[in-house]
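Each of the next two complexes has chain A plus one other chain: chain B in the first, chain C in the second.
Then we have the complex of A and B:
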């Protein structure tokens, strides 16, 4: 950015000595870019050695190969009826069962997202430097001093909390919460909502910080208070991006909710795991295709919304 | 002079603004009466924008005194400053509109400085019919009445300019401070905008302080010009008394400055 450079030079008062002198480059052997590439290559080799990776391990055993053959041979013929013999009386047809599982998957994702949106917005506001950016004229008086003192405290604790929430994956939270509360719907929703709130908060705070400040400045010039500047000058500039990101996270929540089925929640993952255990290969594909369709529809819908919001 | 009649006036006494070691304004003495129309001219970086920020109550002088409407800027509390700013219509060079909102809401945002947080939210998202009608009247006045419900980013540059002016007028200001209002417009639209600004200010009795680098427009539409260079006032006279020599001196680059610019 030439503009930045110029002001920088002016500030330090640095001058080129004459027309012949070229701008100096860093004197190191490798530039920053070179060092990064070398570091990545070294890390890859190190990981391979530690994990004792051998390409030969990819050749499957005889049993594994037949299982895979069996599974993929059913890919084009998903089941329309149950493969089990003795069905309980009054059970609904398989396609309806798959749709119901899809509905439960959506419900878990929607509940988790609603919860994480509330928490993510609050934490995102608290962790954004734009929220706390100083009034150019500065306030005086004891109340303002107290408020200024509380700022770094709230900002810092929000940052730490976000890091804590994000650092543990939703599956680990699910294991913890299952152990603590048993197989309740709420524990699954909270398991998804915890890391999702952290991620939303982190990204929201960055979007707020990167949003253009021009309209905020205009409102301040028209006498708006700090809170008004934030809610009506800054937030609207970031809101399209934030909504688009929230939609994308809803897609991710659908996948997380499906996977939580492995713990016994009646989402698509539960039925996929159950069919696999019973070697009902056709049914696996029925549920898998339902999941594909669900994610594809969500992707198309959120894509269309995002284009309208951001475009 | 009564207090009310000086409300839109400005008075600077030895006002300086320093950003660290950078001097933006140095020892500026200036007196602008309520209802007067003044242009600030000078090369880029001469301090025009800083001067407007000072007059808008957005900045306190590093040294010296600034009075806005008879009130000393340094004596005001944060709340009083906000009230003061809410009566000064600043039109920023980049317009500073919210592109993804309708024109109506952008104009309504002009008045939130006099409302509480909740009141501002109510005005923006559930505006009373009376306010919508008033915004519509203002938009008609600046010539884009039909754009009331348009998304702001769908408008042309000239139309957006008018939205920004309408927002400043909706503040019910005592003074209008446009910063380079015509720098991004073609000649025909520049004339329209300058005509509009001076007409509105004349009719409403508003003080008009515009920064301009287009000398011709400044001489045509503003009866008094203040020339700035290196943050200092070079001249401050009625436009009719200014000659070509004054302007040549204002923009004349000395050898030293050329070196600075080339760097």
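Then we have the complex of A and C:
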């Protein structure tokens, strides 16, 4: 009842005469937040119309249904041996094959993360307002003036570079690099590393900006140099959050690296696609469960780190 | 400048250093990460191939030449011709593909948000218990306690399962089952993001200040009433922020998932590559980047609005 009354008051444009302690909700029919939600609903309807999403299409056809049945009936019985009849001589047992695919998946992810950590840290430092504002370069002279003038330039170009790096998906980079260099493991690593550097840099710069600046200011007041202020004042306050986030991104990199297999790299995705094409449903689950296990371990690890670092 | 003061201070510094927080787990983790990186880079398959071989660099140069719009290859760059070519590509495929890409991302995130609203509350440990926010008045039967515990574990498990399967793999499997319509891609994207949104939102709900909620409980509110009148309005700004953050990722993924055969940008990218039309491929990649940048901008504006309203 009181809710209805309030809306009515707003509709008639009368002032809210409720107790002064109640927060005023703005004069419009919908608050800002309400209009955001309405906009989302309208956008959702538009999307459904553009895509011609019909609920009826959610019911699979006869063939699709039997395939789904076949696929899910194997969920509890993943294959331990190959389902193909003619095996090439000297082939490793299936579990070892899955482990090898997992190992390649991990290796791509770790190599890509190590590259993007370096680039992400450098760009993140450059794109953080805290890096610059907590290090006021005093002093006159042409050199100091030049350094001051270069700062907005470095900051701005770092921001633009981050946006550009992030704007192309790793799979698109993979397609581009495949076209440019052919199938090479190094290009898979680079494909993951490029957008991940951008994302890490963006989040690192935000974390540096949001970290408490008291110790940086204290160091500054005690006469520390710019580098000292940054490395002993600013960075340590943001480092726990940053490491926890980096580990989370490693988990994402594992997934990306697995998916790259669909483009011919020997990661888990390659074997998932191959066993699907050969209708080896048990094998699909072997590889899927291997992927689940990898992601679960990474998830547990990053969670445990986060609890210890951030609390 | 007396000696004793110096040693006192030094001792204090040494004591602080000795008593600094240390964690064996973190040291072990740092060491393990280092080993992992060394292992990754020491794989011999990486170094056997000649990444910068003569043949490769010749290929690469040819590739760079073919990135130029087709009517301009081998001639000087002419902006008018390039614009006419781009206009043709846009009119023929570009605009529709861009619209479909955007629509996929929007449909997916809206479905994910709706689904997460159902699951989040069941995954919130503070709400989905036999005695939310206040100790129970009477004895609680073991059956009730266990059924809540099972509900929380099951919904958390479902969320983990949804987010641990990459959307590309999920879309690949769903496409085989549902056939060639946009649903598989939308559903794959929606399920993956449901898993992520559900986890993040449950964390937000668990971190809410419990006292007002306990007050609601004390007035006799049911779990549904607490959720509708307490948890949801309190957490809505954070929910909306996460919604837009995840939408940005959805736009990125939507450009790619078309590769599986739905005519979004990704479809035309793979198609152009298969026909060796690298100029078109590159154009669509740039278009995808433009859409992603636009999505980031819209999301940033929307998040600013939500923050202001909060």
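Operating definition for what follows: the second predicted complex is superposed on the first by the 276 of 311 C-alpha atoms of A that agree within 3 Å, B and C clash if a C-alpha of one lies under 4 Å from a C-alpha of the other, contacts with A are read in each partner's own complex, and residues count from 1 in each chain.
Here is the rule we go by: a residue touches a chain if its C-beta (ideal position, glycine included) is under 8 Å from a C-beta of that chain, and two chains touch if they have at least 3 such contacts.
From a predicted model like this one, the values you see are computed outputs, not experimental measurements.
Asks: Quick check on the superposition: with chain A as the shared anchor, is it clash or fit for chain B versus chain C?
Replies: Superposition result for chain B and chain C: clash.
Asks: Chain A residues in contact: does chain B have more, or chain C?
Replies: C
Asks: Looking at A:154, would you say it contacts chain B, chain C, both, or neither? Reply first, second, both or neither.
Replies: After superposition on chain A, A:154 lies in contact with neither partner.
Asks: Quick one: classify A:167 as touching chain B (first), chain C (second), both or neither.
Replies: Only chain C; A:167 stays clear of chain B.
Asks: Between chain B (first) and chain C (second), which does A:274 come into contact with in this model arrangement: first, second, both, or neither?
Replies: In the superposition, A:274 touches no partner, neither chain B nor chain C.
Asks: Is A:114 contacted by the first partner chain B, the second partner chain C, both or neither?
Replies: In the superposition, A:114 contacts chain C only.
Asks: Is A:227 in contact with chain B, with chain C, with both, or with neither (first, second, both, neither)?
Replies: Touch status of A:227: first partner only.
Asks: Just to be sure I read the superposition right, which of the two partners does A:218 touch: chain B = first, chain C = second, or both, or neither?
Replies: first
Asks: Is there a shared patch on chain A that both chain B and chain C touch, and which residues make it up?
Replies: None.
Asks: For chain A, which residues count as touching chain B in their complex?
Replies: For this pair, the touching residues of chain A are 9, 15-16, 135-137, 139-141, 144, 214-215, 217-225, 227-228, 231-233, 236-237, 239-240.
Asks: Would you pull the chain C residues touching chain A in the complex into a rising list?
Replies: Those residues of chain C that touch chain A are 23, 25-26, 29, 36-37, 39-41, 43, 45-46, 49, 51, 56, 59-60, 63-64, 99-100, 102-107, 110-111, 113, 160-161, 164-166, 168-169, 172-173, 176-179, 181-183, 186, 236-237, 240, 243, 252-253, 255-256, 259, 266, 269-270, 273, 278, 281-282, 285, 288-290, 292-293, 296, 302, 305-306, 308-310.
Asks: Could you pull out which chain B residues touch chain A in their complex?
Replies: Those residues of chain B that touch chain A are 56, 58-60, 77-78, 81-90, 92, 94-98, 100-101, 109-115, 117, 120-121, 124, 167-168, 171, 263.
Asks: For a test of understanding, state which residues of chain A touch chain C in their complex under the given definition.
Replies: It comes out as residues 31-33, 36-37, 40-41, 43-44, 46-48, 50-53, 57-58, 60-61, 64-65, 67-68, 71, 104, 106-111, 113-114, 163-164, 166-169, 171-172, 175-176, 178-182, 184-187, 189, 255-256, 258-259, 262, 269, 272-273, 276, 288, 291-292, 295-296, 299, 301, 304-305, 308-309.
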